[in-house]
Amino acid sequence: MSNSYKLVRRTSPKSSVVRVGDVVFGSGDFVSIGGPCAIESVAQIEAAARGVRAAGGVMLRGGAYKPRTSPYDFQGLGDEALPMIAEAGRAHGLPTVVEALGESNVPLIAAYVDMIQIGARNMQNVPLLRTVARTGLPILLKRGPAATLDELLLAAEYILLEGNERVVLCERGIRSFDKNTRNVCDIGGALRLQELSHLPVILDPSHAAGRRSLIEPLALAAAAAGLDGMLVEVHPHPESALSDCEQQVDLVDFQRIVRRVHAVRAARDLADDRANAVVV
Amino acid sequence: MSNSYKLVRRTSPKSSVVRVGDVVFGSGDFVSIGGPCAIESVAQIEAAARGVRAAGGVMLRGGAYKPRTSPYDFQGLGDEALPMIAEAGRAHGLPTVVEALGESNVPLIAAYVDMIQIGARNMQNVPLLRTVARTGLPILLKRGPAATLDELLLAAEYILLEGNERVVLCERGIRSFDKNTRNVCDIGGALRLQELSHLPVILDPSHAAGRRSLIEPLALAAAAAGLDGMLVEVHPHPESALSDCEQQVDLVDFQRIVRRVHAVRAARDLADDRANAVVV
Amino acid sequence: MSNSYKLVRRTSPKSSVVRVGDVVFGSGDFVSIGGPCAIESVAQIEAAARGVRAAGGVMLRGGAYKPRTSPYDFQGLGDEALPMIAEAGRAHGLPTVVEALGESNVPLIAAYVDMIQIGARNMQNVPLLRTVARTGLPILLKRGPAATLDELLLAAEYILLEGNERVVLCERGIRSFDKNTRNVCDIGGALRLQELSHLPVILDPSHAAGRRSLIEPLALAAAAAGLDGMLVEVHPHPESALSDCEQQVDLVDFQRIVRRVHAVRAARDLADDRANAVVV
Amino acid sequence: MSNSYKLVRRTSPKSSVVRVGDVVFGSGDFVSIGGPCAIESVAQIEAAARGVRAAGGVMLRGGAYKPRTSPYDFQGLGDEALPMIAEAGRAHGLPTVVEALGESNVPLIAAYVDMIQIGARNMQNVPLLRTVARTGLPILLKRGPAATLDELLLAAEYILLEGNERVVLCERGIRSFDKNTRNVCDIGGALRLQELSHLPVILDPSHAAGRRSLIEPLALAAAAAGLDGMLVEVHPHPESALSDCEQQVDLVDFQRIVRRVHAVRAARDLADDRANAVVV
């Protein structure tokens, strides 16, 4: 199995660079994406965009179609959310990323956003992978909660096989036997993906932790470990969010997180340079 | 279940401090422990101790009795390894930690070392937990590969109930469905342990990753995330190690790792101070 | 979470009965479904249908669109497979079940088959769940390899909410840390589903085991435990199958399996009656 | 790894037979062991023994030293429980099995019981494995909740290497992501153990399910699948048991279970004979 991914396999030390507007994944910089779990209103996404930008974030996320475990939970605003996030992103100079849930939504989403997300539940939804690939837009491909690294890379292979090489991988926590955290944040697996593939790899600490207090330290861990960025759920008022309120940070938190990840990342890179000159 | 740990439960923001000689766990500093998987000879543990000290490590680990999955693998030098590591530690000013495998070994181990390790396989070996607790020595308690956080904390509770409060917890990777890494390094779980308990929590990136290339980035992640230290397998000549040769780093690597973790840790703490003054 | 499935929840001892042609799920009888992993040709599906019928099987399965992990593996014959299985089923008096992979395939599939399968990878593909529900056809809903029972029941709830109550659940093995079997056959979980929900529950021992030698004993286990049926991959010539050749049984094997499951089931029910009269 | 078990590996179709008094494991018969989680009093173990015998059970289990997750839970009567179970077993013609928790208990246990159990938490406790092996008594070795089949077989290899070939393996459920059942009953894994090794393999449905209602159907599954026996927690008054009260059956239940497993097992074997004569 593991030798069947040909296009995503790393064959040289140089990683692929994926551009989304002015944002560059895979260049060595740490990319900070923020935004609410679900787009709830014009005012909410506008406030989120403003705050994400002020905090140093460079991309805006927001859910239009929410893949909820229960049919009785909030399912997102749907199509009408798309112009909201598009406008908020444009107003604040932030490229946007929105998840596609089904093949039929893809053309409309593609008309509004800068990057399409494939969520964890759809990582092996082959018709959807092929459909989003053909839009030519960059794709944020999340690892399924019980997907092996091989399976994730083969899912990416489906996209590259359609001629679309603009894929960013995202670790968002895997399922385990312990319920103290919503998922287990597999930073080691994300690092291994960087070794196996030339594609950029970012971390979603929000879903990985499922608990607000762990988002910041996991984001710092991702930056220090050398991952290519983070995707953080940010809400102007997390306590009143319509979904995932336990794992969204507010704008003040997000600003602190962004500053700290950059400080840690800079120290990591500087220490690397110095260390390379050291002999025991 | 989760409300049945009374002694290890965090009841105030202040963490417990565990001292092993001059080494202090839980003070906010990041403690670097290094040493070989198995003590193989006087020369090997002496070279390891010298290198660990030169690299900035502050404690020396080494296995005397190796808990091997297969009876046909190297089982360690046993009792005769104890004076070897004791002497190497003393010569280089490094407190020592060695794993106890069975109740009958404990008195001899206690006569030689500064801290006793309970390995992942023995996390719920109650007679052993009680026996090591009664030595009064500090205990390094590793999380079992499929132990929940509650189970780990209750194992620690057995030790504290014997009147020994000098316990340091250690995350060393948990078992998952993916075999690209030996274990999944559960940094989120380790952070959650710090929230649930007042005991210090360190990371063993060597067993968590099982792959040399991932040890350094995971150590950096641990330092940035705010854990209390790391336990790294360090061998003067990893390629000829009698056990775990895939996951031991050499002395040059260890020096670079220690320097970088301190740089990242300092940046994390500095950014924290500044960030606390920021208002959006 | 677990109290949010309202329509699938068991509220009385009486189970729901789901009819597919003459086949009845949930009546207490053990339903045997057989057929190849993938429909490969008219001759192959015709031979499979003939053999399944002769063996005592009552329904015919066959894959038209194969959800493969790798894009380089055989993806099925697609649309042209549908008339093949429809004709083979009709010729031998066997209702048919085929998996739908994407929303766009559903109308065509619905025109040919008697029951639509939702595969494990699509258990939480909400647009697909809603689309197949609206066909009014009975649905075979497979548990995802890392889905909790609650998640499976909530996926079924999506279907019932569309007004389609004809749902049969299928356990097909869950993902674990051990690779000696492809998946872990969670018979206990399947039994628990019968307690939590009024819907019929069958077992797919082929995917659960991933190993031919284990299919028969797991099928016997399912019958003895009281599950409502089995879905077995049967191929006239497993050694030359285009997919899953390791886990398909041949027609002779299938005949033996069907006879034995019925013998075991009868003994179970008879012993039950007698046992109810016993007093210690 | 998997080729390093030499002594436990199956090399011929003939399985090993392990005798404990008159009880024979591995002959093709299904062995029924019953008894309480913990020995609580002379009266309780006497009542249990009487009931197990009357129900058709052939061996008596009972815990003297309980390996509890929490130090605040009932830890068993300890040494004084040994003569209680020995006497109850002798009075009713039932060989006895008791778990050893630590090396120091082994000589006393060996003086009283007919078979020593190694519990799931101690599967890789090598000093304990060696100590019990040297008693020469038959050993019931339980699979750890997150142990691979290879690890279990290598644990057994430690025992055989000491010259003791009288080992019976026991599947008792593995840890998974779903908490609807206490563990996942891995019948497929147990069947695979029978293929890989010549040692007898039994099932403990009580710990596998952790829920009384699932014990009977899982026991039936084990008998139908071809495993070598079952270990069931039986208590005269489960509702007042001092431990595991959720998963112990009463004597009436146990009698029904034993009758049904024998009925199912006989049907399985009979159908096998007939089926072997069938040609499609």
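Per-chain numbering from 1; labels A, B, C and D assigned in written order.
Please note the rule applied: contacts are C-beta pairs under 8 Å (C-beta built on N, C-alpha and C of every residue); 3 or more make two chains touch, one makes a residue touch a chain.
Remember, it's a predicted structure, so these values are computed and weren't measured experimentally.
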{"item": "More contacts between chains, B-D or B-C", "value": "B-D"}
{"item": "Interface sides of chain C and chain D: same vs different residues, half threshold", "value": "same"}
{"item": "Farthest-lying chain, centroid of Cα atoms versus that of chain B", "value": "C"}
{"item": "Chain centre separation in whole Å, for chain C relative to chain B (CA means)", "value": "48"}
{"item": "Chain C and chain D, separation of their C-alpha mean positions in angstrom", "value": "32"}
{"item": "Centre distance in Å when chain B and chain D are each reduced to the mean of their C-alpha atoms", "value": "35"}
{"item": "In chain C, residues with contacts to at least two other chains", "value": "146, 150, 175-177, 179"}
{"item": "Contacting residues of chain B [partner chain C, same complex]", "value": "146, 175-177, 179"}
{"item": "Complex contacts: residues of chain B adjacent to chain A", "value": "51, 54-55, 146, 148-150, 173-174, 176-181, 184-189, 191-192, 195-196, 208-209, 211, 213-214, 217-218, 220-226, 251-252, 255-256, 259-260, 263-264, 266-268, 270-272, 274-276, 278-280"}
{"item": "Complex contacts: residues of chain A adjacent to chain C", "value": "1, 4-5, 67-73, 101-105, 121-122, 124-128, 144-146, 150-151, 154, 157-158, 161, 175"}
